[in-house]
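In order of appearance the chains are A, B, C and D, and numbering begins at 1 in each one.
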């Protein structure tokens, strides 16, 4: 408790009280300003979202307040988009978190094998999702695809991967998992190795069962890292585009019409800027809400973690 | 060096003192290859364009910038670009982007009203957005102006259907190339949709080439049923307009079906007529029994890969797609091209076309110079060069198709290609109803086909749903 | 004026008022021990003086100047942290050298002074170790060396012996005064161990409820605590406290009931007659014997604990009042088992009287 | 004992599965990069082929052979663009982000959390939302088609990542260590520079690496905000899908090449990653 407080006004110094007070701002504002600069367009986009604005109909451009949002709310396709996006996010983040944590635990011990693996595992992350999707599309091709081939050897004939409404979601989640699990693994591995050793040694001595150690010591201490990792994954998954678009363009039918795919089509193919902006604003609002929850818990956990000391 | 000799020879050729074959032989003697000869010839030929009136040197030393799509047609053009430079003294720079992202680039470049690009490659469909958006220029003003257009440009040499397809008055539903139509772009190279088949496979199975759609469906099914690892017919199925415009719309049109009809000045979806429903049933049936297993993710390159690798016996897609699969692939040399009238009661094919055209940016600061480029690029000389010396496979000018070298080249290694072209070109044009919502409704259409294919929705119901949805969208924008 | 002055410093965290207008004066070269129960704000006080924590109110003066506008690095204050706070990525040498580097001293001087202090604290053999390779004792000495190496004008030690084992604690207790003298620094020493406080402090400040109950020499703190709370903080076994109500008897002498026995309180209690107060008697001032003694209290011997050099005995008076007595170790009580009767005699000249209500000494 | 052995076996088995799942596709791509398009497009796919380096030759020499002669390839330029852009973007983010992260971790100041969150929220401003207006403004202020402009925009990707990850590591360092350093007579800046940053280095390395990768993989910004002179590898790789067919072999090779720089960086940072952050976690 005291420690946190102290941490927070650490190095307090009143030489030129103004300077002291200013210091944190001086440190953080450059970063803020740089981003603000870019975010001016963000405001413009918000204005777009309040207009009837289709490039192909320049004369009918007009300010219509929340017209775009209203028509979205009335459109079942939109609600479908919301559901699919959330579903996709939940699935990818969930799977990748479990997998990433598991792998991190497997690699926790330091030896050259694990070190080697932990580098190699980053490889998928280094492949641009667009290209990764292209390769997966080839590997899942019914004729040339090595995966389709292996699957058929395993006895599953004509698995349809991205081409069937039943397996499309599975396929894109699979690719997403392949690409992004390493992200979580890295962060959690770093986190695991950052944990203070004492409690574990103690538990070891007392012969505490591993499962108990994991759930009562490891997991709680790891939670801040888990939150950070899943926060960023959530942000990216909500906005996933490359993988889904390159694999199925949102199909089959409307199986995978997530936010970004819809927004992309509206803007780039349908030139319906207003509607696209509205879509993206909604997406932005959702991510904003979700991450606020994350951050709140994150800060709470940090506070507790430091209070403990 | 022997450059003087070369000039003399070419002069001689142009004054008909010697024939083309003789020219090429004698050029070869002094160490100039056929392609190079072609280039030199073109240099001279270009002078006829140059001689046609306009002061092409007007912008000497200035420069223009093009936005281009990575495409064999572009490669053909680039090979000959120096001729344009020397003709006009203009400096030409160009940005090339992969097709996968090309139109995103164009859309944003135009939407931001940037003046960085003067002219760019586009399809006719895209101009239905760019035109009404006032992002591109009506080129009639240039074509009809002798001060900027060479007498030898011979605009009417460009295939009628294609010229019309790039011209639209901007009113949804009105006829392409009709009265008052604006020439939004100039055709340059195109593709029409017919059948290409693998004679080895059909031979193996003792199957004759298909005569019409019902026949195609049965034969495709037969091929797939043969269980030899290959399937019947390759067509696109991805969730985009690309699925609608090749084979599908060509056959659809051949059955006399329309996407929209105009009622009281307003568009009305026409996909849910009885005939249309029958057609859709046939099409879906064809894919389910004789199509690729992953049809809903099939884009043009999967269709092409399968044909070239001998996984599909036939494709109903762009002729040039089959053309490029006939070299450097496993099945190279086995491919045959076939004019295809889907409707048994139709006597001629009615291929829908994709036209690579050149358009001019409204925001260009060098419009006249840009026109010079477009004029040269789509002119007889350059098209001939591309067709003869490169892969400008489907040039847009009737005269070019008559060039003997081009014909012999096609005949030699692309059996039936010339024939399928000649049988089809007369009826080759865009069969879509021009309108701003083209991408929207074609995407919805494709998505609906995918649902029908997956048996998520019966064809009839699906088409009614589709029509209703489109109806609503049309009302929203009031067209 | 004093070298280090803390003037009415207050600091609270949220609701919790930790320091409440506290003041303290420390002379040059003097060692003041800040003593108090844990969580009484000792550490916070040091941090405020160090300048790493801002007080809500009040000021800190060093060498006659207010240092409120001076950063920690410029106050000439050194501090040894309870958790040592060594730099994990620097070896012991660099840790110790840090203050000298900050003052950009020439390399050879740094070497020489680091080795000097390291030798003095007997860690010169581990100078090339990283903190994680050091034993607790070595860590503690390293942090101490770091705080001493540049001869700070004010040295603050935050319970430095808390995290080290008994042996080192004992050694250091003897060693530190020598070191302090050598560097002639003004020392502020925080501890919650009263023996440490008595052993090291020129003066002891007893910190309670956010202020100093008493600041005085060890002898005074022990011998004449300002109130019963201070009194009961010092001494092990703790002081005996008997609630009494002195009465003036017929003979004019003042008496009180202790353990059910009427005891004459002697002249010191003369003016206490008739008011409730508490009698504080340190165990060593209680004499126990088996023979009846004048003014003695009849007790029975409840327990005998040999307590290193002294024997502590728990005595029970008939009214169940418990009296602790300690006496030099001897074997006379070794045999004393079972509830032997005996007599306790209180040395009233050394007894302390507190007001029952306020607890203040009378 | 045998229980421990069993555990080791299981552990090894699981690791094997993991490695297979994550590395098989990479392995397959590597194989493809040494095959001709014909070999790749075989049914069923097979491992027997005569390796060719033509794909790499084409990429590196900048010339690709086609049926109608040789065509230029600008892949190496794309590769350089990616490397340069990502490196600059990450460098800038570190310079801006680490001090900010330090501020959020060490000082409680009004609006502190709000600023931190705002900075994060930039991460979820979807690109296509800002692209169109951004291009307008970039043209006005002359940043269109400049490295500077792109590096700036890339901050949207890299800065929040670095900021939030590094902040966590700073907070894990006991403030007392820095207090001690201050009391030794060092300024706040030196204590940040000599204590906080070295102790958080593993975290900074991890964050930097991840940021670099994300910058490396994004191409939509460069696509819209630049000419073909500044396009990254992703766009470069897509250039091998043209109407004349899709060159899987070349794409695979381009993918392999594009991974190398990042891999090298990863191997370098690995030192810090596996060093473990035990230093960072010195609690008070």
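Please note the rule applied: contacts are C-beta pairs under 8 Å (C-beta built on N, C-alpha and C of every residue); 3 or more make two chains touch, one makes a residue touch a chain.
What you see is a predicted model, and the numbers here were worked out from it, not measured in a lab.
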{"item": "Lowest number of touching-chain links that must be crossed from chain A to chain D", "value": "1"}
{"item": "Chain-chain pair with the highest tally of contacting C-beta pairs", "value": "A-D"}
{"item": "Reference chain D; chain at largest CA-centroid distance", "value": "C"}
{"item": "Mean-CA-position distance for chain D and chain C (Å)", "value": "58"}
{"item": "Centre-of-Cα separation between chain D and chain B, whole angstrom", "value": "39"}
{"item": "Between chain B and chain C, centroid-to-centroid distance (C-alpha), Å", "value": "96"}
{"item": "Inter-chain centre distance, chain A versus chain C - centres from mean C-alpha coordinates, in Å", "value": "56"}
{"item": "In chain D, residues with contacts to at least two other chains", "value": "41-43, 131-132, 136, 174, 179, 182, 188, 219, 238, 284"}
{"item": "Where chain B touches two or more other chains, by residue", "value": "104, 108, 111, 229, 305, 309, 311"}
{"item": "Contacts with 2+ other chains: residues of chain A", "value": "5-6, 9-11, 13, 143-144, 267-268, 273"}
{"item": "Touching residues (chain side chain B, partner chain A) in the complex", "value": "103-104, 107-108, 111, 128-129, 132-135, 229, 238-240, 292-297, 302, 305-306, 309, 311, 436-437, 439-440, 443, 446-448, 450-451, 453-454, 456, 476-478"}
{"item": "Of all residues in chain A, those that touch chain B in their complex", "value": "54-58, 60, 71, 137, 140-144, 158, 160-165, 247-254, 265, 267-271, 273"}
{"item": "Chain D residues within the chain B interface of the complex", "value": "37-38, 41-43, 66-69, 71, 131-132, 135-136, 139, 144-145, 219-220, 223-224, 227-229, 231, 235, 238-246"}
{"item": "Touch list for chain C against partner chain D, complex", "value": "47, 50-52, 71-74, 77-79, 81, 83, 85-89, 98-99, 101-103, 143, 146-147, 150"}
{"item": "Complex interface listing, chain B residues touching chain D", "value": "35, 70-73, 75-76, 79, 95-101, 104-105, 108-109, 111-114, 116, 229, 300-301, 304-305, 308-311, 320-321, 324-325, 327-330, 390-391"}
